[in-house]
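Pasting a structure here, questions to come.
Read from first to last, the chains carry the letters A, B, C and D; within each, the first residue is number 1.
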Amino acid sequence: MKQDPGPQSISADPGARPALRAESLLERYREIRSMSDALASSLSDEDCNLQSMPDASPVKWNLAHTSWFFETFVLRAYEDQYEPFDPSFAYLFNSYYAALGDRHARDRRGIISRPGMDRVRAYRFWVDERVAGLLRRIDLPVFEQTIELGLQHEQQHQELLLTDIKHAFACNPLRPTYQAIEHDPAAEPPELGWLPLSPAVYEIGHNGAGFAYDNESPRHRVYAGDCELSDRLVTNGEYLRFMQDGGYERQELWLDDGWSFVQRDGLAAPLYWRRPGDRWVEFTMSGEREVDPAEPVCHISFFEADAYARWAHARLPTEAEWEAAFGLVPVRGHFASAGILHPMAASADPDGGPMQVFGDCWEWTGSPYRPYPGYRPPAGAIGEYNGKFMNGKYVLKGGSCFTPEGHVRPTYRNFFTPESRWQAAGIRLARDPA
Amino acid sequence: MKQDPGPQSISADPGARPALRAESLLERYREIRSMSDALASSLSDEDCNLQSMPDASPVKWNLAHTSWFFETFVLRAYEDQYEPFDPSFAYLFNSYYAALGDRHARDRRGIISRPGMDRVRAYRFWVDERVAGLLRRIDLPVFEQTIELGLQHEQQHQELLLTDIKHAFACNPLRPTYQAIEHDPAAEPPELGWLPLSPAVYEIGHNGAGFAYDNESPRHRVYAGDCELSDRLVTNGEYLRFMQDGGYERQELWLDDGWSFVQRDGLAAPLYWRRPGDRWVEFTMSGEREVDPAEPVCHISFFEADAYARWAHARLPTEAEWEAAFGLVPVRGHFASAGILHPMAASADPDGGPMQVFGDCWEWTGSPYRPYPGYRPPAGAIGEYNGKFMNGKYVLKGGSCFTPEGHVRPTYRNFFTPESRWQAAGIRLARDPA
Amino acid sequence: MKQDPGPQSISADPGARPALRAESLLERYREIRSMSDALASSLSDEDCNLQSMPDASPVKWNLAHTSWFFETFVLRAYEDQYEPFDPSFAYLFNSYYAALGDRHARDRRGIISRPGMDRVRAYRFWVDERVAGLLRRIDLPVFEQTIELGLQHEQQHQELLLTDIKHAFACNPLRPTYQAIEHDPAAEPPELGWLPLSPAVYEIGHNGAGFAYDNESPRHRVYAGDCELSDRLVTNGEYLRFMQDGGYERQELWLDDGWSFVQRDGLAAPLYWRRPGDRWVEFTMSGEREVDPAEPVCHISFFEADAYARWAHARLPTEAEWEAAFGLVPVRGHFASAGILHPMAASADPDGGPMQVFGDCWEWTGSPYRPYPGYRPPAGAIGEYNGKFMNGKYVLKGGSCFTPEGHVRPTYRNFFTPESRWQAAGIRLARDPA
Amino acid sequence: MKQDPGPQSISADPGARPALRAESLLERYREIRSMSDALASSLSDEDCNLQSMPDASPVKWNLAHTSWFFETFVLRAYEDQYEPFDPSFAYLFNSYYAALGDRHARDRRGIISRPGMDRVRAYRFWVDERVAGLLRRIDLPVFEQTIELGLQHEQQHQELLLTDIKHAFACNPLRPTYQAIEHDPAAEPPELGWLPLSPAVYEIGHNGAGFAYDNESPRHRVYAGDCELSDRLVTNGEYLRFMQDGGYERQELWLDDGWSFVQRDGLAAPLYWRRPGDRWVEFTMSGEREVDPAEPVCHISFFEADAYARWAHARLPTEAEWEAAFGLVPVRGHFASAGILHPMAASADPDGGPMQVFGDCWEWTGSPYRPYPGYRPPAGAIGEYNGKFMNGKYVLKGGSCFTPEGHVRPTYRNFFTPESRWQAAGIRLARDPA
């Protein structure tokens, strides 16, 4: 993939982006918004109000907050003399936009039994009607870009809604199930192979076509390569060998902060694993079942991914390596729309290409989440969307089985603290020449 | 009230106790159990699952736990080969009985969205049917005593249900209301008067007639007296003068631990008071309204009661003084059945007797909650009901506006940590001869 | 000991109090003050600056603070235009007297390397010279009472100095020794006997003769008795049987708060015990050595004392029972002046009296530390000495092997939180009639 | 500095490295080791035992630990049948090398009054004698490299010794001084200028000549540039304007984690600044004095540096930019050997070069501390020196007024958490083309 002498251009396929024209945008709006409702349809009102930890939000809050986003950035901006649905919602459902004023404490979202689910559904309906009206009347690019941002935001919260309810259900000793899907043990995946990346100057970041978040820009040159990336994700079976080899007890395999985390929280397995008898079981959206050794290991922290890689005489890829290697791979994989809501075992690509690049599990990179050279957050409150979080987190790439189809792209930069485990994150390895 | 030379006998009126006979006991059972359901009838399922702090439990949990109590101590003991309604409930709804095995974490009760309210209602129905069956067949005294204990326990949780939902609603920025009751400003109460207590050997504690908790026994002699008790509770108006006089800023008025509490939590007023403009408002079960200076001050901690008393050149009465002085006062007052769920202003007793002794507000005493001489907890799990909590708490007397009518008696020993504020606790003063 | 019909008078022997006359008071002043220096004489400057936990203070701080006490309450009050030794010391060495202004944080006393030990010794000398001058000129009773209070205060800090340095040394993996004393295994103590206490009205508290702290007053009547107190302290051997019987693992033996303490801190033995091999060893002021089963168990919390008593089918005595039973026992025993600084095994009293009542170990009572009826703290800053601590602590009686001879009396009320273990506290049992 | 088409080689001047020959190495050993003792010579034994926070260590501990380093990695490895000076020191003075076994808790180093300073001095002498003996006998390169590593390690702890005692003294309300140096207000520094960096592939990292830590390797290519770096550090005067402009109150200037830090710790100025009256004063090694506006701002966290840069419409340079820009700048500046132990005001470079690149203040970069491509920690315990800390920290460049002369080089990677303030860290700005 090297381009000589100048740097190489790698970009997402702009054709995959929806045309930002009114009719199709309205259709897209309705489709994405109704998907959020559909995701909550199997849940009781009590389920929808659960907040199992400060990082997770109630389903109801996710549903209301995404509506607040459209109300705040679309209705208030484009409706004449807009009267809000409920003036208190600006306080209740603002997540973290300090420029928009005070807001309800993040770790106390579970206390909001009122407004109830009925009223939040009414709120969604109200917002949707008005946004639809605007979509019929306005076709300014900046308006459409804001709609698109709201839809991308909605999709992010669809993923959070799923991971948040999974976490909440896992905290309930009864271990309720979100959906009933039978699982048949998967076939053994192909042996781990390695894909070389030549050393070169590459270009990474968003190239300007189609939607992207501000943090994917500017597109810029990086020098990377002279390494190999594994052609599939690490499996549960492989991770079990790490565990059996004392992975969680051997300090030398861990970063110092990771070791403190292991000690303090008593980590001994991925997040949703338990060992009630002599076999490991795993909590899934369809209940607890035996760990399938063929599936990719999932719900692990950066620290666990990093320790596994060290144990395997490898390391995590950097963000630049990942994007340089996979920037032209088609965005296909097991996303939320597959309905399984669990990562699937790899099966060999008929064309010999890399497996599980998109969907299944987010892939921890070894790259801290920092601004690209020349990055500037947008003006106004929306500038708080991404920029202020650029500390203490690592970049993840590729999307997961909870990510809505069409939401992710090669330049997408997801980011979480290195202790985070409730997202569907797994491991792709990299290695340097011996 | 002095008896010479032997100690004086003061006891609750045994006639106030319900006859423990089968028919009336069944009726009493149905009445008390259905009252719990009635208290939750205005709440949504989402409301019923709220846990606003570790000390408070969800309404649903209160409803399930009281049923678990009957299931555990009655059905398991008296039904042949009893099959539990749901085997998992023994884990979910055990509060703190270590002898009965592991249980769900106290501060994580709010995570139990499943079982939902419907299933908990079915649980209550199932338990009630079976207990009713037993009540028709068995008339052993020990059986009836256990039923009665279960009903007293149910009533305690009715009070908790109300104070817990009040706390949860107060945490919601929308400040939902539990019921809609108009409040008219109360008339100025009579000036504070003082009732003398002669020094003598008194008897306090349960005298054996009617129901009482183990911690009220044995009845025993104490030497007390040579002091005066105030004839009514301290009012909001009086407490406001304490606040205006720097009550919360003057270290010399506070116990050392109380001062640390004030500093750490930034205390500046009773729990549900706010000052959004230039007047103090108070959150009540009927919403937020102006503080009424005639009503008794309420929802204060022991430390605040103690500091107020010091400011007023008085002190809190001891448990023995309170019971010696009020042991023969008829148990009348504003209880939960009055439907107001807020303490009411004092009005002069036509017979010149003490006011607000029962109902309105629990009264903090200066007595730490410790065992009476010769106290022995019952054998078995039920021995954990009261005995193991005899550290770090103070005794409160007299019941509150949230206490079910008939639940309280002069010998009743309620107990909370000195920081607790979510119970309806207020201040009666005592003073020594100058 | 019952007196009928009136209450019985029990008081400390006033003849044991030092005459408060100028010459003997000066002599007493010099003797007690120089004892403090002597206690620190085997320690390095580095030792003297250690603060091993917030509750403990550096030796140097203890030496400076007691001098500050004389400077503040004697020199400032009685010297004309007194110029302080160092104006900054009012901030550095005030312990907790809020009325005297801001002070250095209690848990940061170990940071004060400057002033060094030399300067603190100079401070002591300066204060002593001036106090001696005043003692020669003034013979006002109130002056002499303040001197006496300062000396009693000094003695309290002598005890703290010893327990604080013991704790600090125990935190050092090298386990330094304070002094070298050989220990020969003690002879088996007499079997535990029981002393009856008749039910009656007793008088407890200070009777007015000789020095006493404000918290020992007023002398007042209590009804107590109909129980027995053990005639000696519980031994290490007896406590080992409690441990072997699962004492630290059986929840039913513990108060709820005690059980939380055991769980949180991983308690499994008295404070200074370790089990490096198959035998228990104990850290003493003379280094680590095998636990001697004949010696009284020591350095245990109230919660451990209470759990042991429950295991032994007994309970802790109340403060009133202890004082009613032992109020006339001569104040003899193993105090700090014995030089051993460790509790000694009981040996039978030739007159058949109770053993180990004074000295050896402070004895936890079951009585929370609260004011006596009619208690009033003194006016001014000195009123903070005792009164503001009357919450969350239990009374201990009788003094310990670290208490200076002559400091303790039957009415003495020591008090610590129920978790405290670094004081030399042990167990005397009480039991009720079967 | 661009090299086209291949990457450019920038390396530290190998001539600046000491010749690793026996005689000069012994001389260098003696010189550096005696410098450590000299730095502690003005301190009392009590001063030397202070630990003011978990991140800081006692001076005595620093002196002992560096000796332990030589004992462990030199004497144990190269002396026949080495008998340690004191077997307990392996436990007491191991910092964080898990491979070498258990060690004393990092945050409890201040409890080690024994061994005292005298014994630690004897330990240093003992180690020095034996190392000197080995230096005369052995000239293996690997031996000499270990000696050199020990000396570099010693120098790091010289810097820590100084910053640790500064922090400890600043915690003492008396604010003792380390040394007495008069300060005359500095002349106004030159106006801030900007140095351009051309976009190109650069090489950064250690080139193999002279000593470097493992984390500076491998030398590797990076793409960087198209930006400007400021030619001097930000001054106190400039930082005061940021403060006056509400720098610490404006959320929009801060990273989210930085804002939480400001809120939680109440940050309002650099670490050692106070405002007792109407002027800011600063605690220095020579006591408290007025903040000099001409001096570079110092003792600030990464978060403050980052917020200042945002306020100034700039950003922090990346590590690669810094090294690309300054890799050939001679290593001259105000180091510890200047004796001032405080950063000095910039004065214009006669050759127009950048100012304050080395010495004065460590310069926060915007680069998280992560491994260089192909980085491998050394085998054995020494592999824990740097590698395991590569999370949650930012790289700092250039050394400070506390850094020993000759210790730092352009490739040097210092690293601290973004909250750290007790190191002498300041701000150099970068900016992108508009």
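Methods note: contacts are C-beta pairs under 8 Å (C-beta built on N, C-alpha and C of every residue); 3 or more make two chains touch, one makes a residue touch a chain.
This one's a predicted model, so the numbers in the text were calculated from it and none came from an experiment.
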Where the contacts of chain A and chain B overlap, which chains show up? none
From chain C, the most remote chain by mean C-alpha position: A
How many angstrom between the C-alpha centroids of chain C and chain A? 60
Return the distance between the CA-based centres of chain C and chain D, expressed in whole Å. 48
Distance-wise, how many Å sit between the C-alpha centres of chain A and chain D, to the nearest whole number? 38
The positions of chain A in contact with two or more other chains are none
All chain pairs satisfying the touch rule are A-B, A-D, B-C, C-D
Given the complex, residues on chain D that touch chain A span 5, 7, 96, 98-99, 199, 201, 221-224, 226-227, 251-252, 254-259, 303, 315, 318, 366-368, 370-371, 373-374, 384, 388-392, 418, 432-433
Listed in rising order, chain B residues that touch chain A in their complex are 44-50, 52, 60, 88, 91-92, 104, 108, 110-117, 168, 171-174, 176
